[in-house]
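Common to both upcoming complexes is chain A, partnered first by chain B, then by chain C.
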Partner chain A sequence: MKRFVYADNAATTPVSREVIAEMTPVFESFWGNPSSLHAKGREAKAILDSARARIAKVFSCQPSEIYFTSCGSESDNWAIKGAARRLAKKGKTHIVTSAIEHPAVLNTCYALEKEGFTVSFIGVDEFGTVKMDELEAAVTDKTAIVAIMYANNEIGTIQPIEKIAEIAHAKGALMFTDAVQAVGNVDIDLSKLKVDMLALSGHKLHAPKGIGMLYIRKGVVIDNLVDGGGQESRKRAGTENLPYIVGLAKALEVAKEKLADIPELERKRDRLIEALTKLPYSKLNGHRTERLAGNVNVGFEFIEGESMLLWLDISGICCSTGSACSSASLEPSHVLLACGVPHEKAHGSVRLSISHETTDEDIDYIIETLPPIVEKLRNMIPLWEEVVKSGKV
Partner chain B sequence: MKVLLGLSGGVDSTYAALALKDAGYEVVAAHLLMHGKMNAAEARESAAALGIPLYEVDCRDRFSDIVIENFINEYTTARTPNPCVICNSEVKFIELLRLADELGCEKIATGHYASVERIEDSEGELYAIKRGKDSSKDQTYMLWRLPESVRKRLILPLSGITKAEIRSESKERGLEAADRSDSQEICFITEGDYADYLEEKRGKFPEGNFVYEDGSVAGRHKGIIRYTVGQRRGLGISAPTRLFVTGIDKEKNEVVISDKDPIFSEVTVSGIIYSGMREPKAGESRELSVKLRYAAKPKAATVTFFGDKATVKLHETERAVAPGQSCVMYDGDLLLAGGFIDSAK
Partner chain C sequence: MQYSEKVMDHFMSPRNVGEIEDASGVGTVGNAKCGDIMKMYLKIDDNGIITDCKFKTFGCGAAIATSSMATELIKGHTVEEALKLTNSAVVEALDGLPPVKVHCSVLAEEAVKTAIADYYQKIGKPVDFEIEKSDHEE
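Then we have the complex of A and B:
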């Protein structure tokens, strides 16, 4: 029986009912501009302040440390460009990041290279964990900012962010983490986690697309990216997207509550991993334990990941290949290549990212549906015939 | 509108994808794996370059059961098959249609040099195959047997362009496929000739006699599958004049030869599919032009129809008319009907 299974929550998530319910009155009634001095504006301002306070509570930080942006990419751009440009004035013209960052970070770094900054791209081990010795050697007193993602979007590997922050701070560099994938999966307590900046995005946790956030620790000063009016303490111009900000606050509160269900999500993830890696010539990409609770990324040799995605789609299963990019190239995922996965194997990788909404029946359906597709596609490959003939299956 | 394109990755189908995209269609592509000599590498490259999804479909069993089976049976019964005609009508376009339905595509498309014309008449509508702009590459001969279910949903984006234009424009737009060579007629035979292939599949065919039309023996042939009516090369008989194959007698295992080029003026046809015309009353005749081989020029003829059969009287004689080949009937550039040649005299 055909089902519809959405297993691409790392790409985006549906907006939840409770978030919609929270946003609706803001659209309908509280449409004022928070900067206006009149009643309609004051009403909006109160809602804005309350949303900021609610989010601060989720992360155990100060409301004044929270800045709303349009998306995760903007937050990444602002944190890195803002810090680099500000600290360049003090002679810090070096940036440290990893080879497996999201394009929003990688391309920001390439852009800064053109402005004259030097960038060290730190490698990762086979599980996708940043090589700490390489990182430690790279950070110097010229380093303005260390930008390492909290958890990888493709393979789900969670980085030792505490340790990385220590290394950055030991050399006087700022520590920024892109936590777009991590928020909702790991408990982030900013009163304990010593990062200077943290980026997140609403649509990965059941808030709408078009809302992002940057946490900037009190005392950390970076240049603006968007100049204009005096919103967000004159740090980020643009009339606040109040309904989405309220939606984000609700989504973060719900996500925090649901941290209790993470072991259950991990159980479902592990069911999938176990079943899929039982297939011949398949291998889990990423780390077995230091891994996002919803992330499954498996490489199938002799297969084109894109092909598998299309046939899974026909069967009602939404997933993605390692690289979510739809670019016109057959270049395999930069993340898998950085993990040392050879080209041909990187091509055959598929990412299934499940959520709290994914049921055991959904997992059963994937486990039933995927193996025959692997077999069908492999049977079209002459190389596979040779493997079968030689009895290596 | 969503369209499913058959994509081999060659220059024609790749350009077809481009033309469909330019025309505003949402294009998805399918690479149909017909036999082990094919692979999807070029199709993948083209699809990636154009940013369209590519579905790889395994059609090998169906192709083998239908097309190769027919190919072998026809040759072993002393007929000369058109495997492309069988493949198009029973495998390629049928598989495309099936996947199109699954994917919710309203239309299907291929990179054939031909066009489709919708004709309205008193009985309703017809979807007819018609020659495209590039008459030197005309592929309508291979499409006569497409069922209506295919024709009515078919888009042929190369209808208004020539091969030379495609090559130059593909190059200009930086498509890697621009320089790829054209596909071959019998795609599943890549090494040796078709006779070697048949013997590999069905074992050696017995040698027999070449005989003249008066029955006298002229020499030994290497198995009837190696000969086709009209053939004049590779007979291996030393004679003062040129010799031609004029017939093949399967029962006697004889190949009939003559020093006169066999010419034919009357052909019988069966298995007719009417696509660009309604089925005429039995015994009704039409003045049409007919094509009796893929590479032959169309010849004027009087065709008398009897349901799925017809007799074709050629106004001028044609050489080398082989049973098993298609007889495709046209009115000008419009393909009206087609069938298989049963006999010729």
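Then we have the complex of A and C:
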């Protein structure tokens, strides 16, 4: 029987009921401007302060270290541009990042190259883990900032962030991590994890789109990206998006509670990985164990990802692909290419990102639905005859 | 990105998928690296009429739909008529394609012409037409 299975949680998540419930009174009643001195403003300010304190508790950091932004991309831009421009005044004009970062980081680095900065894009191994020797060699006393994502959005590989931070700090560079995908999957305790900045986004964890956050460790000073009024300690201007900030606080609290259910999510993920990689000419992309709990990314040879995605969509399954045909650039996933996956195989990758809401019946449905689609598409391609004739199947 | 109903129809129920064993002409275009390969088979009778046409395609939804539509547009027509098939005629017949997918229709036109060129070579006729290459060729 046809079902609807949303398996694209790495793209975005539905806003949860508890988050909506928490935001609704802020829309309806507490609409004041937190900067206003009157009653409506003071009421809003109290809610803002409370949300910040709640988030600080989730991460074991200080409320004053939390800055609200509009999204993950803004946080990435601010952290890297702000740090680079500030530290350039001290002669630090070098940035270290990885080849598999999100476009918000990569394109920020390209923009800074145009401003005169030099950028080292560190490669990854076949599982998507940053090459530590290459990283260690790249970081020098000229390095302003090391920007490495906590976990990759496409293949789910989790990076050894603590070790990377040690390398950065040993040379006096700032350590920034884009944790947009990791938050909610990994327990992040900022009293222990020695990163200087960390970016996250609300809509990846059941808060709405349009709210992000940047953690900036006390004592770390970076240039502003948005100048204006005195909001966010004069560092990020703009009237606070109070309902979404409250929604983010709730979403982070819930995500922290649900860390206890991560083993259960991993069990469902592993069911999918095992079933899909049993199919002929299929291979798991990313790391087998150092992997986000909800991420499944499988490459199918002799399959073009977009046609697979369309059939899955017709069957009620929402997912995504690293195929060039799904992108405006007609280039396959830069992440898969960096992992050494050849072009022709990168086209056939499918990412299924499940959540705590995904049931075993949903997993069963994917496992039943996907193999006949693979067979149908392979039977339609010219190469397949040769593969069958050569007796490889 | 949204495909038209016609594109989805030809993607879900492609016409003329398969091979012709004793084809009069066969054309393969595109490459796996770019994610698109089309193989077009033509059966042409003594009067120069395409009596049968089949295809096999590795590619995205638009690649499959344009292959399917191209076979429908040339089947039962003469070789001369098939040579007049343009990529824009394929796009029009499919009620349009998203701009990034227009190259798929170029590939379909190229596949038909390459198959006809193969047929000309087989019957010893000079190939007196040019084949516009899609941007998928390296």
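The rule is simple: the second predicted complex is superposed on the first by the 388 of 393 C-alpha atoms of A that agree within 3 Å, B and C clash if a C-alpha of one lies under 4 Å from a C-alpha of the other, contacts with A are read in each partner's own complex, and residues count from 1 in each chain.
Note that a contact is a pair of C-beta atoms (placed from the backbone, for glycine too) under 8 Å apart; a residue touches a chain by one contact, two chains touch by 3 or more.
Model, not experiment: these values are computed from the prediction.
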Should the superposition on chain A be reported as showing a clash between chain B and chain C, or a fit? clash
Look at A:E306 in the shared chain and tell me whether it touches chain B only, chain C only, both, or neither; answer first, second, both or neither. both
First, second, both or neither for A:E344, with chain B first and chain C second: second
If you stack the two complexes on chain A, which partner ends up touching A:A88: first (chain B), second (chain C), both, or neither? neither
In the overlaid three-chain picture, which partner chain does A:K376 touch, first (chain B) or second (chain C), both, or neither? first
Of chain C and chain B, partner touching more chain A residues: C
Considering only touches as defined above, state whether A:P332 meets chain B (first), chain C (second), both or neither. second
Now for A:A11: first (chain B), second (chain C), both, or neither, which partner does it touch? neither
Considering only the contact definition stated at the top, list the common interface residues of chain A for chain B and chain C. 304, 306-307, 310, 314, 326, 328, 330, 380, 382
Where on chain A does chain C make contact in their complex? 302, 304, 306-307, 310, 314, 323-326, 328, 330, 332, 342-344, 347, 380-385
Can you name the residues of chain B that touch chain A in the complex? 33, 36, 39-40, 44-45, 48-51, 53-56, 58, 60, 102-103
Once bound in the complex, which stretches of chain A touch chain B? 304, 306-307, 310-311, 314, 326-330, 376-377, 379-380, 382
Residue numbers of chain C touching chain A in their complex, please. 3, 8, 11-12, 14, 17, 19, 28, 32-39, 56-64, 100-101, 103
